[in-house]
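Chain lettering (A, B and C) follows the sequence in which the chains are written, and residue indices restart at 1 in each chain.
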Amino acid sequence: MEYIKNAWYVAGWSSEFADALCKVTILEENIVMFRASNGEVIAMEDRCPHRLLPLSRGKRIGDTIQCGYHGMTFDCSGKCVRIPGQDNVPKSAYVETYPVHERHNIVWIWMGEPELANVDDIFDLPEFTDPKWHAHQGEALHLKSNYLNVAENLVDPAHVSFVHPTTLGNASSENVPVHVSTKGEVIVAWRWIRDSEPIGFFQNFGGFTGNVDRWHYYYLHLPCTAMIDFGSADTKLNLPEDERDKGVRIFALHFMTPVRSDYTIDRWMHLRNTAVGDDAASKQMDAMFKVAFAEDKEILEAVQQEENRPQKRRPIRIAIDKGPNVYRKRIRDLVEAERTQDLGEPIAPTFVHHE
Amino acid sequence: MEYIKNAWYVAGWSSEFADALCKVTILEENIVMFRASNGEVIAMEDRCPHRLLPLSRGKRIGDTIQCGYHGMTFDCSGKCVRIPGQDNVPKSAYVETYPVHERHNIVWIWMGEPELANVDDIFDLPEFTDPKWHAHQGEALHLKSNYLNVAENLVDPAHVSFVHPTTLGNASSENVPVHVSTKGEVIVAWRWIRDSEPIGFFQNFGGFTGNVDRWHYYYLHLPCTAMIDFGSADTKLNLPEDERDKGVRIFALHFMTPVRSDYTIDRWMHLRNTAVGDDAASKQMDAMFKVAFAEDKEILEAVQQEENRPQKRRPIRIAIDKGPNVYRKRIRDLVEAERTQDLGEPIAPTFVHHE
Amino acid sequence: MEYIKNAWYVAGWSSEFADALCKVTILEENIVMFRASNGEVIAMEDRCPHRLLPLSRGKRIGDTIQCGYHGMTFDCSGKCVRIPGQDNVPKSAYVETYPVHERHNIVWIWMGEPELANVDDIFDLPEFTDPKWHAHQGEALHLKSNYLNVAENLVDPAHVSFVHPTTLGNASSENVPVHVSTKGEVIVAWRWIRDSEPIGFFQNFGGFTGNVDRWHYYYLHLPCTAMIDFGSADTKLNLPEDERDKGVRIFALHFMTPVRSDYTIDRWMHLRNTAVGDDAASKQMDAMFKVAFAEDKEILEAVQQEENRPQKRRPIRIAIDKGPNVYRKRIRDLVEAERTQDLGEPIAPTFVHHE
């Protein structure tokens, strides 16, 4: 499987990195990470250049890592600063390092050429720091499926009617067409379901009893960040499409980390414009999200298993596939561009300026 | 591994198919099956042509299956009758279906070109419906071995002396030569052991105490059905070979379903000319068969493991291999004939007209 | 993975072989072994030439093995002496046999051309039978790592400072250079650490409290036998290098058996010049060795896993690698010589004539 290298990926929540050496795998590369004495998160190739032992099995000594086999020691820049038993250190004694940036309790890592890394390209939203909004960190969903399948699911409003009939969708949306915009950097798929019974999520949260107008806007930022803006408002309000903040509005964020060709970690969290500071509400929503994401996991892993089997004919594509199709094509084109060295500019800032 | 496609295989006992969707794998193809409202068993390709999700993970709605991902819905003919979110249904939206036929509580499936399926070709025996005979359904033996090894074992009277010394064979048969007939459609291997101690099976069942004449006739019907006619009679009767019905006579049937190149299901049952309607006798015989088949399983799986390892020299063939050799050659020839499109006629009726 | 075939390998301790058939795997070959009625250990190809069933699943009858499938029977020379159901035995009905030699309770097997086997080439030491020395058999360490990695670790005194800091090494040896001699048949790597704190092993065993002079001599005999001569003496004695017998001296022996390309068994034992006949001392030492070898296992298996992953650049070699480098080159050259049929002489006697 090929990946876009020149991009920021999520390595983990800030809480996952402390003094101890930890091993993460991203784009099939093993990386040792730790929080240095100045608080910065460090990421280095997790393999001693001598006998290949993962450095994560070694010992941290100050801000250096000592290999657990013969004691070769590397500083945070990847340079070898000690080889026991000899005085000189050859130039080939080093490990690769990765640019890391931490923001809003999320640790991002740049997997491509270090000189192209630009922290302004990292996904961001003003609501992260807006006091009228509440940010709540969720958990990490481990999926035995490749990231393209996972991402595709996150620009696909149509599946919720069938995969999540008790939480995020219900029968009233089954036949509502999906709008797709692929003009900008961000692929957007959305639909409104007006004057219908509230979905399970908003029966439990938001206290809706009568009919509502509800919306789903799926924003997919290449390569691996999805934001789903969804919410409900009393049908009597007849809410205009660009006044969604007047309803109960939630941004569900998904940060996908491609681990291997058949393994993806989806770290999820949400921002909401209601119940600010209300921990019980956060817990209630996490519980509902977990039900829904377990449903996705089952589907996405089954699809991966089928993709691993022989194909007799090409899969068909249907109307709702416009977003996924454009996503896959863009990924293919970017991978090809990197492969052919025609790198051009790194991916431009892609956080959405939603209404 | 290659298989003969234009043939009937056993998909399961009738009792295995009910309202619920169930997934079976035959010749490495995944198939979703269920019993429709008219009682017929339906078999369809277990993969939605859109995003490949197995339809067996979907939902049955009347006599249609709704895919669990985006709700595409297929009727029993494999035709897509609904794509949520759009009005037109493209011609490419379909799944393959398989001819199915049920007889004597056994569900047969045709794995090749549907127009060649002919239910008259399905294995049958008059004894299934003969009131002087008792038919008793056994169980399913799952073998991590390819079907050629399993079938070979079922046209091989010689192995019972060594593999089943306490149940189906004993030392007195070790050196008795095996006769083989390969003239007709059915490969037959047989031997008589006259005036010897009864085998364990007929010590427990049949009440023989003195010496017996006993026989084993192995009939192998291509591709995957075996019938073993075995029995015993008091030596004093000096039973002619064609009057076996005067002894205690059992037809052990084996329906092999090739699942994958290293996996075969062997559904077994028996017909007998004694103890008609006697459930205790059925249970006693099942218990003895299970001991014997567990012994086969151990051998056949070990052989498969060895076949997966490198070979330094060609295996040798010995006198008793005539039946297996002809079987393997016929299978190879039929597979090759299908591969080269020189299909000729489908396999002719092969149920044995035994004496 | 390629192996040197024309060499003696350890098949097991003498205690591992008795009347019952047992299966061992060496150099990826499956071998059935048993102790014949005359006490000799027999080793034969563990695969019937007919249907490939491992003979170890058969039955021993006197000094023959009867295959568990059709009763073909082989004597200790590998010759087939019976094929049930036929009188003639074709020449192709045989299994390979392997020369075996037992000495000091160790069973050696020759994996190459039988006519080249010479028991004088088997590793030996006079101390095995010297009454001033005590031989104690240890256990078998199963390592998911190829034998080259395991052997390399046994000609590498430098790793003990980092891998075994509480048992076989400590910080005072970290920077002491390693001497290597590769002139003779045996590769030797050694170092002395003078006037330093005793290592954990000799704090527990030997009763050293003050500073000691200590040594490590690693002798690696191709292809797969290692002897580590290590010990300690009171610093006040100022022990000359060639009078190590005046200190507490231990020969740790490692017999590596390459099972598969990623699996090696390391049978370990020791000889010592002290506590002769003292079982409690033996147990105490075994306990310490087990701690150390578990540390090696963790490292060696992690290295193997990394070797199985893609390599972006060639590993670097450092000063302490001289022994391992020469070892790997010699193995490669011998494998190549066998491959090209330029076999020359079998490996000459390689047991060390230590001082």
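One rule holds for everything that comes next: contacts are C-beta pairs under 8 Å (C-beta built on N, C-alpha and C of every residue); 3 or more make two chains touch, one makes a residue touch a chain.
No experiment lies behind these values; they were computed from the predicted model shown.
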**Message:** Same or different interface residues for chain B and chain C, judged by whether over half of the residue numbers are used by both?
**Reply:** different
**Prompt:** What rotation angle, rounded to the nearest 5 degrees, superposes the C-alpha atoms of chain A onto those of its identical copy chain B?
**Reply:** 120
**Prompt:** Roughly how many whole angstrom separate the Cα centroids of chain B and chain C?
**Reply:** 50
**Prompt:** What parts of chain A, by residue number, touch at least two of the other chains?
**Reply:** none
**chain A to chain B touching residues, read off their complex** = 158-159, 161-163, 174-178, 298-299, 302-303, 306-307, 309, 313, 315-320
**Request:** State the interface residues of chain C toward chain B in the complex, per the touch definition above.
**Result:** 30, 47, 49-54, 57, 66-72, 83-86, 90, 92-93
